[in-house]
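Note that the chains are named A, B, C and D in the order they appear, and that numbering of residues resets to 1 at the start of each chain.
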Amino acid sequence: MSTKAKEILTLALIVVFCLVFYIRKVSGGEGIIFSPLVSWLVIAAMIISLLWVLVLTIKGRLISRRVVFVYVGIALALPLFMPFSQKIPISPEVQALYDSVKTLKPGSKVLISFDYDPPSAPELQPMAESFIRLCFERDLKVIIMGLWPQGPQQANMALEKVLSDDKMKAKNLKYGEDYVNLGFQTGNEFVIQRMGTSFESMFPTDYRGTSYDSLPLVRNVKNFSNIEYSFNLSAGFPGSVEWVQIAVDRYGVQLGLGNTAVQAPQMYTYLNAGQVTGILGGMNGGAEFESLCHYKGKATKYMLSQSFSHMIVIAFIIIGNVAYFLSGRKSALKKK
Amino acid sequence: MEHFSLWLAAFLTLGIISFLYKDNAWYKLTEAIFVGLSAGYWFVALFWDNFYGKFWIGKDEHLYLYVGAFLGLLMLLRLIPKIGWISRWPLSFIVGATSGLWLINYFSSNIMKQVQATIMPLFSTQYGAGFNAEPATIIGNLVIVFGTFTGLVYFFFSKEHKGAFGYTAKMGIWVIMITFGASFGYTVMSRMSLFIGRIDFLLGEWLGMIL
Amino acid sequence: MSFKKNTLTVTPSAFSFSLLIIIFMTAAASVVSASAVSGPAGPPEADTVEIVIASPTSPVVSDFKYDDGNSLILTWVPSIDDLPVGGKVLGYHVYRSDNGGEAKKIAELIPGSNYFKDDDLYGDTTYVYHVVARSANSRAASINTEAIQPRREWVNLNLKYLFLIALIIAASVIYFIETAKRGKKLFVRKIAGLEAVDEAIGRATEMGRSILFIPGINDMDDVQTLAAITILGRVSRVVADYDTKIRMPVARSLVMTAARETIKASYMAAGRPDAYNDDMVNYITDEQFGYVAAVDGIMVREKPATIFLLGGFFAESLILAETGNSVGAIQIAGTARPAQLPFFIAACDFTLIGEELFAASAYLSGEPKQLGSLKGQDIGKGIAMLAILLGVLLSTIAAVGDTETITEILKFITKVFTVTN
Amino acid sequence: MRREIPLIITGVVGVGFLIQYFIPHAPFSYMSDWFSDWFSIVGACAIVLGALNLLKISAQKAIKRKKDWVYSLVIIASFLLIVIVGLLEGKDFRVAGTNFDWLYNYMYIPLSATMFAILAFFVASASYRAFRARNFEATLLLVAAFFVMLGRVPVGDVISNFMPEGWRLSNLASWVMNYPQSAGQRAIMIGIGLGIVSTSLRVILGIERSHIGGGK
């Protein structure tokens, strides 16, 4: 069979697969969960095939990029169907953040800045949800804003999720009194700087167009000195660095960070220098925070896939090194 | 419409993923849609957020905004080839302002702040994320001080990396390599979670396979 | 290639590997996870009987130093009934009267507060403050402060040390530039990534393929983009001489304009203005990943021989570098974003780490005055290194034996490097 | 003159923005705010240049029937589609439920999120290819990555469960992040700071002038 024919066949198979499952979903089909036996079998199959790849490599046949891609895809997708759960150890920086929120007195105002967009949501959305939940549980007032255009939309999604919980419904939280969403403002780090003098000048109205003055929660909030704590969910620029440099360094705000895992390493310098109270780094940080808050959210659920994919990457690093040493240092460098 | 929306989103998602296999017509189509759509998105966003939101609304109250509009206008003179060179003026304005602003900002946050943060007793208990003053802390503090020091030696331009200086520079690059390794390790995690999000869409939201 | 020989080659690395594990393990041995600190209890519950509380005392208002005359700082001693646990005070209200007018509430603060910074004031107005402590059902007001007008200052003296050190570094940069102008030869060490630039361009010329120059995705308001554009100036000069094809897709319109000016100037300098064409630089989209999708497409379709990735990069760094690698291009990368450097190190042939990116244009130009500025940077590094060593040494001594002079010196050093606004 | 005026503008503006940092008095205290607004407005004007360039190049390709010209038409069509919808929508174009919002949710998000997400695959292939113990430096990079990767997921502690509390992989990862990692970051950050200071100075002094079509 020619490559072209194979490609068309694969494509057709994918289309059929999607159609079948879509029809199944539309007609009310439930989600799928593997039984523990099947899960173990899948894991065993993966390990065996990896060993096979190792054997191939030792025999001198290097695998191509595409094979690596297939493994990554499988390692990420299949664990979502497995029924296992894992114990999550808490790192000190996450504990520190949780503690700093816990010391806030009820009624304290917490400013949450949503500085990310949908592509980074898988990592940051779970943090946003559990952080807002924690604030509401401890009767803290939540003020939301965004330096990224799509941030406030993400905030609304998180709020909706949290407020749909029965425990939260019982609290009867009111928009404008217990939480507000001030929306997005252009100007990157300059927004933070100007908020140092006046929130209102940057956010004359909230997300819905209500004027700042008619929102009871923020009416008396002039600038950072009326905020007891702030939390920044950040996926890049503008984000945590700017918040630390301006809000913390210039206005002495207490700041906690929720970062994508890529950004997190850079933030440790700020943690060490005492500029931030704690850091949630990546999905793992989110999962740790969820377990501190005694809540099983998406981060916890995704962690299995995360662990699997790490193992796959590590396995391929080992295979790569085996190939490298066996084929002689110099020549391996030239191969892909 | 809901069915169409979901299938459209899935079609575009899979189109991008198909690039992993090889460059193909599906990817080219999604790429073209993406380029046109995103350029248009920014056009609209900059128009409403910046031009309308910043300039048009605020122009009566804040006269200084006219300076921005003037610079923008000079920029647009590029469209007329004969006097296009005038656009260098707003450009040099921006370059000058950027240099002036960032010179001091980076000086204060990247140099002064970092030096200040490194000055501490070797057995500082307050150092680190709430760790205790144990041998590990002292070793850690030593690592920080000498790591920063040797790292800076590596960046020295005016001396060849030879002799004792060379060894110090070498240690510097070791520390930098550990930094990069740790960063990379951390990032592997971040990147993996992004795709989990897309799988959640494809297999969960779209095909309803995930609980 | 015998198996034995290979096992032998493994040993040094394996040895260092295990040695490292031992070092790391020992060091981590006593890293004890921080224990949870439990917060103070919530507020006391309200009672029906009136709760009598003492008022806050000694309110003092003073000018907030070194501002534009728009802030005052108010301090007071909290009420003696304001206790962390079981205190009766529920918070403080700050009142202010402008120009002798009626006192209005301007802020609500949580228990334990003892200061308030009032911003957005006017220099020509006189202000008087008082603070009210509040329990569940009663209030206790402090006396009024003295009347005060905020003052505006012309120079921020808090920044005097910052200014001084900045001045020393700037002066040494300028000094070395001047020295170089007068013809003194300055030595600058080799930077591997930059040594390779000519070779990389030559390779593209030989292969008859193009050079792809990616200036990052930041706009002209980022110094990294400036650095990339200045490097482009040198690269395009060589390109013009060799008559190689250069392709530069960009993500920002302003960068497009600047890059065109730069390349055009290089072609003019090379004496071949006719060979220049505006289409060498084209705008794609401001959107990060839309840009990446298009650049990836260009890479796999045009198969450039050499790719420069210089400037401000974010997550796209690895997508670009891996795709570039897969088409077999020589890649020279550089960025000042520490988070992205590891990817470039992993996927590119040469990487300019942080400061090297900024040094690149000076280095490539080979002009003595440009090289002089690199010397100035080294002075800055020297100051930083000296301060760190001295500071750590002194603070360690001060922590052991409490000697007064050392503590004083230490205080001074810390003050010099502390930036307050 | 065409050379000198831009150089003078750069120098004067640069020095102006440099000293504003030290002067709290008006109008200097407003300068950085002003610049941010001006830059926003110039950016909004400049995108017209960019958009026209994109349209021009795509149109040229389509008219000349170059290879893959159909896709150029797609670029033009999708650009016009979202621009027309967005401009008709008015300033609240982002509000949920608008047509613009639909384009954003079902086309823009899947595209950008997926492009971002394929990084997962590139990260794996880059690790496979590049993480080889080629020399001591590469080995260090590999080892640090290894510890952090394992230490940051629960599996790491399962593997190192035989170690006493405080010695496990997650503690190790924390230690690496807090100490050697911080040290390296700090050195890099200080270096970058100096690089920016020196580059900015060269620009302000007019020694570096290629960005405005400089040369000697």
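Just so we're on the same page, a contact is a pair of C-beta atoms (placed from the backbone, for glycine too) under 8 Å apart; a residue touches a chain by one contact, two chains touch by 3 or more.
Note that the structure is a prediction, hence the values are computed from the model and not measured.
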| item | value |
| --- | --- |
| Centre-most chain [mean C-alpha coordinates] | B |
| Most widely separated chain from subunit A, with each centre as the mean of CA atoms | C |
| Chain pair whose interface holds the most contacting C-beta pairs | B-D |
| Whole-Å gap separating subunit B and subunit D, where each centre is the average of the chain's CA atoms | 4 |
| Mean-CA-position distance for subunit C and subunit A (Å) | 23 |
| For subunit B paired with subunit C, centre-to-centre distance based on mean C-alpha positions, whole Å | 11 |
| Shared interface positions of subunit A, touching two or more other chains | 65, 69, 72, 76, 91-93, 95-96, 119-121, 149, 186, 249, 261-262, 265-266, 269, 272, 281-282, 284, 306, 309-310, 313, 325, 329, 336 |
| Junction residues of subunit D - those touching two or more other chains | 21, 32, 37, 39-40, 42-43, 46-51, 54, 109, 111-113, 115-125, 127, 129, 131, 133, 136, 140-143, 145-147, 149, 152-153, 174-178, 181-182, 185-186, 188-192, 194, 196-197, 199-201, 203, 211-213 |
| Junction residues of subunit C - those touching two or more other chains | 27-34, 166, 169, 221, 223, 226, 254, 257-258, 261, 283-287, 289-290, 293, 315, 318, 338-339, 341-343, 345-346, 353-356, 359, 374, 377, 380-381, 384, 419 |
| Contact set on subunit D toward subunit C in their complex | 21-26, 29, 39, 42-43, 46-51, 53-54, 57, 111-112, 115-116, 118-119, 122-123, 125-127, 129-131, 133, 136, 139-141, 143, 147, 163, 166-167, 171-172, 174-176, 185, 188-192, 194-203, 205, 207-208, 210-216 |
| Subunit A to subunit B touching residues, read off their complex | 14, 18, 21-22, 24-26, 29-33, 66, 69, 72, 76-77, 80-81, 92-93, 95-96, 119-123, 149, 186, 245, 249, 260-262, 264-265, 269, 271-274, 278, 281-284, 302, 305-306, 309-310, 313 |
| Residues of subunit D defined as touching subunit A within the complex | 32-33, 36-37, 40, 94, 96, 109, 112-113, 115-117, 120-121, 123-125, 127-129, 131-134, 142, 145-146, 149-150, 152-155, 157-158, 168, 170, 174, 177-178, 181-182, 185-186, 189 |
| In the complex, subunit C residues that touch subunit A | 1, 6, 9-10, 33-34, 36-40, 42-43, 70, 91, 105-111, 116-117, 119-120, 289, 314-315, 326, 338-339, 419, 421 |
| Subunit D partner contacts - residues on subunit B that touch it in the complex | 5-6, 8-10, 12-13, 16-17, 19-20, 28-55, 58, 62, 64-65, 67-69, 71-73, 75-76, 78-79, 85, 88-107, 109-111, 114-115, 117-118, 128-129, 131, 136, 139-141, 143-152, 154-155, 172-189, 191-192, 194-195, 197-198, 201 |
